[in-house]
Amino acid sequence: METTVEHVNKKKKIIKRRSMIYVGVLAGLLIIPLLSLNNFTMRMVIMAGTYMILAMSLNLITGYTGQLSLGHAAFYAIGAYTSAILSMRFGWSFLITAPAAALMAALVALLLGIPTLKLQGAYLAIVTLGFSEIVRIVALNWMGLTRGPMGIPGIARPEVLGYRIASNTQYYYLILALVIITYMSLYRIINSRLGRAFIAIREDDLAAQSMGVDILKYKILSFTIAAFFAGLAGSFYAHYVTYIDPQSFTFNESIQVLSMVVLGGMGSMPGAIIGSVILTWAPEMLRFLEDYRMIMYGAILIVMMPIRPQGILGGIRFKLDKEEENQHEAVGSE
Amino acid sequence: MKLLEVNNLTMAFGGLKAVNNISFHMEEGEIISLIGPNGAGKTTFFNMLTGIYIPTEGSIVFNGKNITGTAPEKIIKEGIARTFQNIRLFPHMTVLENVLVGMHSRSHNGLFHSLFRTKKFYQEEKRNAYKAKELLATVNLADKCNEYAKNLAYGQQRRLEIVRALAAQPKLLLLDEPAAGMNPQETEALMKYIRGLKDKGATILLIEHDMKLVMKISDRIYVLDHGVKIAEGLSKDIQNNQDVIEAYLGKGA
Amino acid sequence: MFFQQIINGITLGSIYALTAVGYTMVFGILELVNFSHGSVYMFGAFLCLTLMTALGLGFFPAFIISIVITGMLGIVIDRLALLPLRRKNAPKVASLISTIGISIFLQNLVMVMWGSETKNFPLALNLGHIQFNSFRISYLQMIILLTSLILMMGLTLLVKKTKIGKAMRATAQNMEAAKLMGINVNLIITFTFFLGAALATVAGVMVGMYYQSVDPMMGFMAGLKAFAAAVLGGIGVLPGAILGGLIIGVSETLAAGYIHSGYRDAIAFAILIAVLLIKPTGLLGQKVQKKV
């Protein structure tokens, strides 16, 4: 056993190193717009940010809690439409529509989750898939609310604290803030009693239940939180593209996000981020293949999986995470 | 004082009565063993005590409260924790995290405290981590805290599972074949450990096949065969009981 | 009107059932949702069409050849994309993503080869119809129903009575034990994929004839609904797939006729969700006792 002084020093050192890493990463992210990237590249970066929120949130329910959801696009859609409609009808600003959109998505997830999260595996998968198709079809047919296939054009650009967001650089900083909020919230949830309960359910639901984890309650909680952030991403998307229609929220969108999670590594937050970046860029990088682009995309998915079935970062515990544990330990033996 | 009282418990799967009309009781501070050949209904009995199966008939009274049919996640709050015959740890969680999940029913941090990292959050996390490490030290696993559970040796996994159950501070601990697959040295150490728990006031119900272990540490023994209780009593009575010998060795033995 | 809807629904449902069988068999054995199945169904229909138009084959030779080739495609999918994952004991969801990759691959391959527009499917068997008082049945519908019925009965007999059927059931029950009993599990899986793809081709070609058109996206919604049908009936249970297919086919036809045609696809899923809420393992699925 080490002495208390050594512990405190070690702890301080760890915290210092961690903050340095965070500051470094943040500084790197902040200067991206200063690199005078072209508009197209900036748009890709911003979309990658949107997908990061979607992938990180799906990762919570599918990667960490182990419940396969094939309908994440539904909550993305609900967020986008809630935001668009509130903004168009009532002229509400982004700072109100975004939380409202996220809460709406969470509420719907809660109502869907209570009766359906008892289901497992393929059954849950098809229910989430079916639900997301229902959402899309309703959006396509409820002309009075969503204008159906014509979509909703001219959604107001966000105004944050009296500051109008219009240029790509400004949107970049907005999505960066949202990604950081999402990352921090999910990180804190995962590294807590809640997160341990989620992971325990994934690992062995019966053992988790025997240890006092109310499985249904925690699955619903995880699903609801995941939907909350998907709704947030939807809200951003609506105010960024300023036009939404049901075509943006198909089953393919859910699959796209799921592929990001699986490719990056289920149950890994950095994995979800890397997966989002790769799969947002891949179709663009393959653009030179012209018509053969999507064939190649499919082939890449097929080839990647056997090479690393657990995903790029799956099963890897990051040094940062480990240090947090050591910190626990140090604190624990004080 | 009677801690556990089981009356006429029956569990039928279709026509098959895996457990048939068993009555049973435990005093506080006792170590009781449940023995019998494979398929005698011992684990089924555990599963009813822990709410995994809902008994077809009969009642379970624990600590003066009828807990028949209570859900597993609530049973542990009443004070019954268990291990599993075929080790059920959380393989991709660290040893420390496994024990922390064991403390789930005794801790409170919810969404708000986790998200905002309140003072209460850190207090509880610190307290739990400290307790978990103390518990792990009692089974020589303190240095394995950050190891994934799946990377532990077999005997270590068995010990971790016991500690995970103890983390819930149960009034009654159910151990399902804790010595299975252990070598004689490990079994010896386990026996000492269980004795130590008893000295600290624990009440333990044990399913075990290792007769040496059973005879040495049990206060009383119940014997099941084909779902029926065929004998109960002190170790030496059981050893000489004709029905028990027949159940294990067959008729005419 | 009502009877007409029911007849149209049963016709559609029997096609879903043929496709659903492929999902249910693969799931029964590998516990994998094979998302490439819808694309295989589409591929079979396109192949048959091409053999007829480009090579000038008659309908029956084209039909048979496309069944065999698409069946082989099923085998190739398993060998190339799924077997390596099984060998590595990869998580189920990795295989699922692989089948999604196959689906994207096939769909776009067909688009590049044949173009993305809807293609006319020649009416190979124009036989007219029988008119009743208030409804009519075309001979094509009767052929579809009869073909589905015969195939389903054949399949049931195959699974129940033959040696390979017994091996399939054993593999579905417990793959490890089946291996130990000397069953060539990989051969069984290969056979299952062949069978699933072949039946999907029959379904795809019949749909092509029924609507007289095919397009590269046709497998998408049909695949989802066939999957829904398999789950509705109880995934892994053969009669369940048939029952599920018929229920989905009839209910969506009725919904389109009496409620709103725009909501036709939503109704199928709504019914599925409603059934699962009442019976979480599907209509004919068995509840499995938790093993502790």
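The letters A, B and C name the chains in turn, as written, and every chain counts its residues from 1.
As a working rule, contacts are C-beta pairs under 8 Å (C-beta built on N, C-alpha and C of every residue); 3 or more make two chains touch, one makes a residue touch a chain.
Everything quoted here is computed from the prediction, not taken from an experiment.
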Chain centre (avg CA) closest to assembly CA average -> A
Max Cα-centre separation from chain C goes to chain B
So, in whole Å, the Cα centroid of chain B is separated from that of chain C by 48
Chain A and chain B have mean C-alpha positions lying a whole-number Å distance apart equal to 40
Chain A to chain C, mean C-alpha position gap in Å, rounds to 33
Each of the following residues of chain B touches two or more other chains, namely 52, 84
Each of the following residues of chain A touches two or more other chains, namely 206
Two or more other chains are touched by the chain C residues 290, 292
Note: in the complex, chain A contacts chain B through residues 185, 188-189, 192-197, 199-200, 203-204, 206-215, 221, 225, 267, 315, 322, 325-326, 328-329, 331-333
Chain A partner, complex, touching residues on chain C are 27, 31, 33, 80-81, 84-85, 88, 90-91, 93-98, 100-109, 111-112, 220, 224, 227-228, 231, 235, 260, 262-263, 265-266, 268-270, 272-273, 276-277, 280-282, 290, 292
Touching chain C in the complex, chain A uses residues 62, 68, 115-116, 118-119, 121-123, 125-127, 129-131, 133-134, 137-138, 140-141, 206, 251, 255, 258-259, 262-263, 266, 291-295, 297-302, 305-306, 309-311
Chain A partner, complex, touching residues on chain B are 50, 52, 71-77, 81-82, 84, 88-94, 96-97, 100-102, 104-105, 107-111, 113-115, 117, 121, 124-126, 129-130, 132-133, 145-146, 164, 168
